[in-house]
Amino acid sequence: MKKAVNDFLVIENRALNATNYLIRLLSPEPLPAIYPGQFVNVGINDSSEVFLRRPFSIFEVDYENNTLGLVVKILGKGSKKLSEAATGSSISLIYPLGKGFSQPARADKILLIGGGSGVAPILFLAKTANTPAENVNILIGAKSAGDHIGIEDYRQYGATHFTTEDGSLGVKGFVTQHPLFAEEITGFDKIYACGPDPMMRAVAKMAQEKGIFCEVSLENLMACGFGVCLCCIEPTVKGNLCVCTDGPVFNINSLKW
Amino acid sequence: MVDLKVKIGNLEFKNPVMAASGTCGFAEELADFYDVSELGAIFLKGTTLRNRAGNDYPRMAETPSGMLNAVGLQNKGADYFIETIYPRIKDIDTHLIVNVNGSTIDEYIELTEKINELGKIPAIELNISCPNVKEGGMAFGISCPSAEAVVREVRKVYDKTLIVKLSPNVTDIAEIARAVEGQGADSVSLVNTFLGMAIDSEKRTPLLSTITGGLSGPAIKPIALRMVWQVARAVKIPVIGIGGIMNTQDAIEFMLAGATAIQVGTAIFKDPFTPLKIIQGIQEYLNRHGFDSVSGIIINKLQM
Amino acid sequence: MVDLKVKIGNLEFKNPVMAASGTCGFAEELADFYDVSELGAIFLKGTTLRNRAGNDYPRMAETPSGMLNAVGLQNKGADYFIETIYPRIKDIDTHLIVNVNGSTIDEYIELTEKINELGKIPAIELNISCPNVKEGGMAFGISCPSAEAVVREVRKVYDKTLIVKLSPNVTDIAEIARAVEGQGADSVSLVNTFLGMAIDSEKRTPLLSTITGGLSGPAIKPIALRMVWQVARAVKIPVIGIGGIMNTQDAIEFMLAGATAIQVGTAIFKDPFTPLKIIQGIQEYLNRHGFDSVSGIIINKLQM
Amino acid sequence: MKKAVNDFLVIENRALNATNYLIRLLSPEPLPAIYPGQFVNVGINDSSEVFLRRPFSIFEVDYENNTLGLVVKILGKGSKKLSEAATGSSISLIYPLGKGFSQPARADKILLIGGGSGVAPILFLAKTANTPAENVNILIGAKSAGDHIGIEDYRQYGATHFTTEDGSLGVKGFVTQHPLFAEEITGFDKIYACGPDPMMRAVAKMAQEKGIFCEVSLENLMACGFGVCLCCIEPTVKGNLCVCTDGPVFNINSLKW
């Protein structure tokens, strides 16, 4: 698949909450088709501490205006620097990378689960799925209400539910403790999840037990992002696969979890 | 138009800018970005006789101006390469060079013989310097007798261009270079990665599954440059310079130190276009300094 | 208050954070900034028997996350040190350690004997790893027989704490460490600088008057850390870790790799307060991780 | 001498011409006494390319407002980064470093020669010298009128003269070709110079021939700036001396030029 490296213009950089930023970037060229679950590898400008690029899921694509959106959570040096990118500055992206989620069928009842910045690809999927809103449930987990990434109202794309560890928004606990998951899980045809490793493993475990189709998006450490370094591997039933090219989305049946 | 051609062994290369093994996959991944036939050569991902899963995750750690890797020669083995990958890439119009690895001399020989059969692979790079495998690998490259032995035996079965890739983890790299030259190597390429380590001070664990890994990137450039300079003075065969080359300036430095050609490695991860930009940059440099050909820089290399 | 004391040979140090030789002058220059008695120890600028002018200018080149130096042990010689510098600094309330250099074993011995007379110098650091001098220097540190010879002879004339500073420019640093341990060294400190080189691609000349120089700074940290880890597993004597330590995190990494103490070098150029910040940082780290004493980290070092 | 490391606040950063910037910095502490010829070693923030600090002469000191001024000429990566320092950002300085110029006596007839960014310490000396303006001549050299660093009017401190290589301001040629230097040099008791190496050597040569007292301020490459690395050495009649502690100002008689 054709890939590119280009300098994008920062047209918006907005704090969503204390640690998450929404960054909108203008492409210098018409954007190729981009699917939920795909990502970009972002060059961090002028940092004495960051050497490699940093991968971020694509959160939204606006083909008309030629813009991409990323949700960046501050974790360390690179994401911090990125969160400070000034409007009008430029940022180098390698894109589009990875294989996205499989498209659910119109009739599928789907559950989309996002944790932390993992909501980015999940919400992109919610927006672009062919499945009508009544068949879609979106379950978003966060530490507390303040950590919730409220970008726009997603209720038009599906019923939206929350869990927070402190109970400050929605159900108290982890996403796997939400009734939708804990009790009604067998009502779904397909589950799509992205979030912290323990969350995805818990989701995968239950889906596997119940025999429900489930895809997760992994965030292994990457050096290149386009399949040449073999650093981002995940052990699978087909051997070590690259998360950057064979993933980041994997069907849980292929993982050795 | 200046002349960028260089010669290594009997082989002519369209330009001296090459992609380093393990950083450009099997050429196809780079071909997603541009026409890879513009490169001087492509050194394919390290290949072994049999399938290797490589080391466990995590295999990578960022370091100041560099990175550690512990890939451990993950590849599907010679037969898979020959049957599945080679047919797909063989018509790329630049030299494809196989990076040959083994845990024993016999493995090196057997793999070389298999690769020798492939009409469109005009050269091999004998990797006696991989720091990320338990057996063989770097062990061959850190003493003269073992380096000599593997090169001698491989030379017997291989008539095409034989490039030997040297390890920087040695007291005297020039001595090793002379030793492999003595056994008939057509060229030496250096450096492979430096054995390094990274620790997570808060979690109090190593950052790599293998504890140690190979350091690459700009951090190593000053040491690699010194080694290329020492080796270029010690041997008559052409030297291919590798280590932290990020841009034209770096590439020219290696040529001034005596390298006939250079390989771009880790820089590809930051920008896959780096080798193309360097080809362009060398052309501009030659024009600016009034050289007709790239061999001009090399012949006029630092009189030191 | 956590206990930061560490012991090397028979000598107790108030904390494990020390200033590296050649990066803190003769203590007085740092004393312009703060009370240097807060440091664990001060390794004074490399001293030779006789006055040395050092190498020509330029002696320095910046590199990615590091620098090359080619100072070449500029110093006014033992007698000047003993008569003029020592009286001015001897009452600083921390251990002052002389970094002892020679071009021959006899020079090492003679200088050691002179330093042995000084009541307020409780230890020497035998530098067998300086890459910037033509004779002696690193040559002693890159082979076991020569390293053994110089340590054996110096040990005969010196009963105080003897620290031997190792060169990283070797194939197997653990082997050298074992060799000097075998001759009675009380401790090894590592690493000294890596032999490197820098070239001005536009002017087409080397950037250092000596062509090659010693690489230091964060760039070398991953390799230095690996070496400290290897050496700490190979010897019983305490190891002093050196190489690119810029902050507390780096210092802790070296301790987890097995270092009893650490030296701060190039970081002092960027911020002379670095060692003090690290002392403070280690205290905080110990509190955060529930250790009573710094020896806790060292004893609980990575089980690898 | 007591030295400090502190973060200063950028209160002004103004382009003087295409390549020179005047940067004014607010000290967090009362400034110590600072003399013309002394310098600071400046930390370059967040640069993937610059590792060490960069030395810059002090151009002015305002003890009342606790500010320092630097003149920064863009030469490479560090000075470029510094020239982009935003007002309100902070910059780490090690200060005060080096030994300044010797003070001329009131009766001395002095010639101050500055070339390029070397005008900074020279103008500081002009401002602070005890010598009355009628005994002071300031000679400033530049490539062309556009390269001239016009910060303020120095005529109140002494007669001011210019040379430019293209003749676009003052006398055409190098400072050593100005009549004041070429012809009237013996009328001066003391010469002080700072600028490019060839300029200072030419000045020194003439001063030596005529036996006139002359001090020059050197700009050798530095790693530390405070005397511990021994990288900045200059061969002198007393052996290799550190430009950062024994200089940067040297009497030409002690140099081996």
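Per-chain numbering from 1; labels A, B, C and D assigned in written order.
To be clear about the criterion, a residue touches a chain if its C-beta (ideal position, glycine included) is under 8 Å from a C-beta of that chain, and two chains touch if they have at least 3 such contacts.
Keep in mind the model is a prediction, meaning the values are calculated, not measured.
Annotation: 48 Å between the Cα-based centres of chain B and chain D.
Here the spacing of chain A and chain B, counted between their Cα centres, is 36 Å.
For this pair, chain A with chain D, the centres built from the Cα atoms lie 55 Å apart. Shared interface positions of chain D, i.e. residues touching 2 or more other chains, are given as 48, 50-51. For chain C, residues that reach two or more other chains under the stated contact definition are 63-66, 217. Chain-to-chain contact here is organised cyclically: the chains close a single ring, every chain touching exactly two others.
According to the touch criterion at the top of this document, the contacting chain pairs are A-B, A-D, B-C, C-D.
By the touch criterion given at the top, residues 63-66, 68, 142-143, 169-171, 194-199, 201, 204-206, 211-212, 215, 217-223, 225-226, 229, 244, 249, 252-253, 256-257, 285, 300, 302, 304 of chain C touch chain B in their complex. Contact residues on chain A toward chain B in their complex (touch as defined above): 1-5, 43, 49-53, 92, 94, 220-235, 239-240, 245. Residues 46-48, 50-51, 81 of chain A are the ones that touch chain D when the two sit in their complex.
Chain C meets chain D in the complex at residues 22-25, 29-30, 32-33, 45, 53-54, 57-60, 62-67, 69, 71, 74, 217, 266, 268-273.
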